[in-house]
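Okay, here's the structure, questions in a sec.
Here the chain labels run A, B, C and D in written order, and each chain numbers its own residues starting at 1.
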Amino acid sequence: MPPAYIPLLLFSLLVLAFPVVTLIVFKYLRPGSRGGPAKFQPYECGILPETSTRGRYFARFYIIAMLFMILNVETIFLFPWAVLFRGWLAAHLAAFALLPMFVFLGVLLVGYVWLYKKGALDLA
Amino acid sequence: MPIGHYLFLSLALFLIGAIGVITRRNVIIVLMSIELILNAVNINLVAFSRYFGDVAGQVFALFIIADAAAEAAVGLGIIIAFFRNRETVLADEMDLLKW
Amino acid sequence: MLDSVIFYFFAGIAVVSAVLMITRRNAIHSAIFLITTLLATAGIFLQLRAEFLFISQIILYVGGIMVLFIFAIMLVRLDVPLPQIRSRTQKWIALLVALAVGLEAGVVIWLARKVPGQGLLIPNAAPADKLAPNTEELAKTLFGTYLLPFEIASVLLLVAMVGAVVMAKKRTDA
Amino acid sequence: MSPMLHSILAFVQTWWVELLCAVLIVLVVPLIAVYIVLVERKAMADMRARLGPMRVGPHGLLQPIADALKLLFKEDLIPDNADQFIFWLAPVLSMTAALTSMGAVAIGPWFQVARDINIGLLFVVGVGALGPFGIVLGGWASNNHYSIIGALRSTAQLISYETTAGFALVSGFLLAGTLNVRAIVETQRTDQAWYVFLAPVGFFTYLIAWIAETNRAPFDLPEAESELVAGYMTEYSGFRWSLYFLAEYANMIVVASVGTTLFLGGWLRPFPNVRWLAGLDAAPTLLLAAVGAYCVFRAGKQPARAQSMFMWAVAFGCFVVAAIFTLALPFSHLPLERMHDGLYGAFWFLLKVSAYIYIFMWLRFTLPRFRFDQLMRLGWHILIPLALVNVVDVGIALALSSEFGINRWVAMVITTAATLGAAMLLLHWNDKYAAAASAALLTDSSIAEDTHAG
């Protein structure tokens, strides 16, 4: 483990402990709970829930999650390019710096335009 | 840390993933086990890249992650289309090539 | 000493949550255990000094693919634990096969270390502090020798995007 | 056991600043987050010509402590047939993601939990990607129709704006050339220009994307009272509910500090090379002394004794910090040099972060709420292509200024104009497209296959 990350690891364990310990400690410090079964009904503005909530939800959310994942992969490939960009410019390689990324973004732009036209993005 | 430890770890994850793919009847769990197998492969790649001092292994692992994303997108797309048509997600009820 | 402690910490979490992942009946629970495995694997990447891979694993795998899995599970109404009619024999055969493969591969790894000369030609790890900064090094190789796979990756993503959308918007004619 | 002790001592010897900073962040950031709620309520009240919370402590200064205590002791019940384990895990996950991403942020040149890690700001974005899990799992586990729809909508919104934020960050990294937090601020110093001036559209899209990311201001539809009761937080009560709120405000602090580091020049003093503005170095001491004097002046007028004691305590605190600043100024050649830079850097950094957070609040008070489809259309049809075009334009601007020797400001103006032209085009297409879509909807009687649209 590179030495710089060990304080970060300890920090994340400390941060995980903060809500967990508070939740557990105050569970016992709290006065007991009174009230009948109605209190534990899910709150839906007074209407008693008939159907279970595990109903089916539409595919549009799936398309958004899928597109997010594809664009996330694109962002990850952009980060190394952005880090080296100024180095290439200093070495007068502007064409080499810009061209690969134009091809990469262009291909994905084609997909984006197709989606835009096909209406997959109208998330009304 | 000798490299044998990392090889044993990736072997263990690979086996767990393989068992998951074989025994589970629910296709989404099968897809998750495939992601686990891809992860085991990544561990091997990064371990050898670290011990041979050549960063190509990590670049290859990055491509594997990108590929896992594409595979998950299309795989789950097929499952959802199948579910909306046949209301089932169990592997042994998927016996139709064209629905 | 510290390295092995951290390694066993992450490896233990990864293996235990992987086993829990394939045994859970509720799909959302197994998705959560898969997320724990992925985070533990990211920790192992960090220990192998692959920092950029550590963060891209968290962003892509955990932040992207697992969100898609959880959306798909909620969409496919799978989170109600299905009556699992698991055929007994299939499970035992799979365990047996896995054990056989595991034993055989383990023996190979174990023997390879013992035999001098024919062993895996692995020098011990390069000293940690003389490693080049990871992101820049990875970027140089990515845009140096692996430029073509980089462009093909974008075509792969395009195909995946188009395929998934066609599948998801498929009109159910039934 | 002694070698173990030695190694631990040696480790603490070299990394005591980071460990101290870690403990400080875990203790102080929730406190600051709670006090931001108070400042927000006060500012909102002030804008609407009313007083805001005045009852607890002088001018309501103790109101957040009272809220926190109330929430700690309030009963947080778990609805029946909800998923116990995930219901308990979701707010913890959301809070951990928000606070852990605070680790890689550098408050001053020396106050950073992860000193000089190679993937600096990317760690913040990466851990922030765990946020949507806390929301979607919380909404799903609480077995309530409103919370599931709220969770799905809120996650969809988070997801589509996270992409825009990623592209906006890329345009910042293009200029900086590194991911390391301290090196980014260093390059902004050597470039003698904050990146907000070199990539204005990048900063603008970053600002909007992260307002939507933290579910705030005009984009807070999923938890809007009028829409979905409280979205994914409906079934949560007591401390579990306040964990979600702490996570949101901690996220706001993290976002403000990332924006300050990348676009507003971290801990750099504004106008460093302007000679007649050198007096800005004395700004921290003067500001603190003024606040202390105001507290002393107001302490006499407090009705209750406890309130005047509190005002005296605040005044004393301000004077102590002002003394530290003045002490550090003349003795800057002593080993206090590091502490001197750290304090001054921290002052300017926190000033910019609070200005950034004030913009968040200001937008919240003035802009009406977006409808869900407008919100998604803005995200997908306009902001993502705009951020993508902006990345390409910053690249071209840098290439122009370095390859053909065009002055970098002229190159920046040309490319920003091109980006804004593209933005106009996008808006035009969007309006044309929206008009066509609604026209088709009216004439075409058979609504799309998914009738129960969002």
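In the analysis below, contacts are C-beta pairs under 8 Å (C-beta built on N, C-alpha and C of every residue); 3 or more make two chains touch, one makes a residue touch a chain.
Just so you know, these numbers come straight off a predicted model, no measurement behind them.
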item: Most centrally placed chain, judged by C-alpha centres; value: A
item: Distance between chain centroids, defined by C-alpha means - chain B, chain D (Å); value: 35
item: For chain B paired with chain C, centre-to-centre distance based on mean C-alpha positions, whole Å; value: 7
item: Mean-CA-position distance for chain D and chain A (Å); value: 16
item: Between chain A and chain B, centroid-to-centroid distance (C-alpha), Å; value: 21
item: Touching two or more other chains - residue numbers and ranges from chain D; value: 117, 122-123, 148, 152, 155, 159, 162, 179
item: Residues within chain C bordering two or more other chains; value: 2-3, 47, 49, 51-52, 56, 59-60, 63-65, 67-68, 71-72, 74-75, 79, 134-135, 138, 142, 153, 157, 160-161, 164-165, 168, 172
item: Where chain B touches two or more other chains, by residue; value: 62, 65-66, 69-70, 72-73, 76-77, 80, 84
item: Listing of all chain pairs that touch each other, if any do; value: A-B, A-C, A-D, B-C, C-D
item: Interface residues, chain B side, partner chain A - complex; value: 62, 65-66, 69-70, 72-73, 76-77, 80, 84
item: Residue ranges of chain B touching chain C (in the complex, touch as defined); value: 1-9, 11-13, 15-20, 22-26, 28-29, 31-33, 35-36, 39, 42-43, 46-47, 49-53, 55-56, 58-59, 61-63, 65-74, 76-81, 83-85, 89-90, 99
item: Interface residues, chain A side, partner chain D - complex; value: 2-8, 10-12, 14-16, 18-20, 22-23, 26, 29-31, 33, 37, 39-45, 49, 52-53, 55, 57-61, 64-65, 67-68, 71-72, 75, 78-79, 82-83, 85-87, 89-90, 92, 94, 97-98, 101-102, 105, 109, 112, 116, 119, 121-124
item: Chain B partner contacts - residues on chain A that touch it in the complex; value: 59, 62, 66, 69-70, 72-73, 76-77
item: Residues of chain A defined as touching chain C within the complex; value: 1-2, 5-6, 9, 52, 54-59, 61-63, 65-70, 72-77, 79-81, 83-84, 100, 103-104, 107-108, 110-111, 114-115, 118, 120
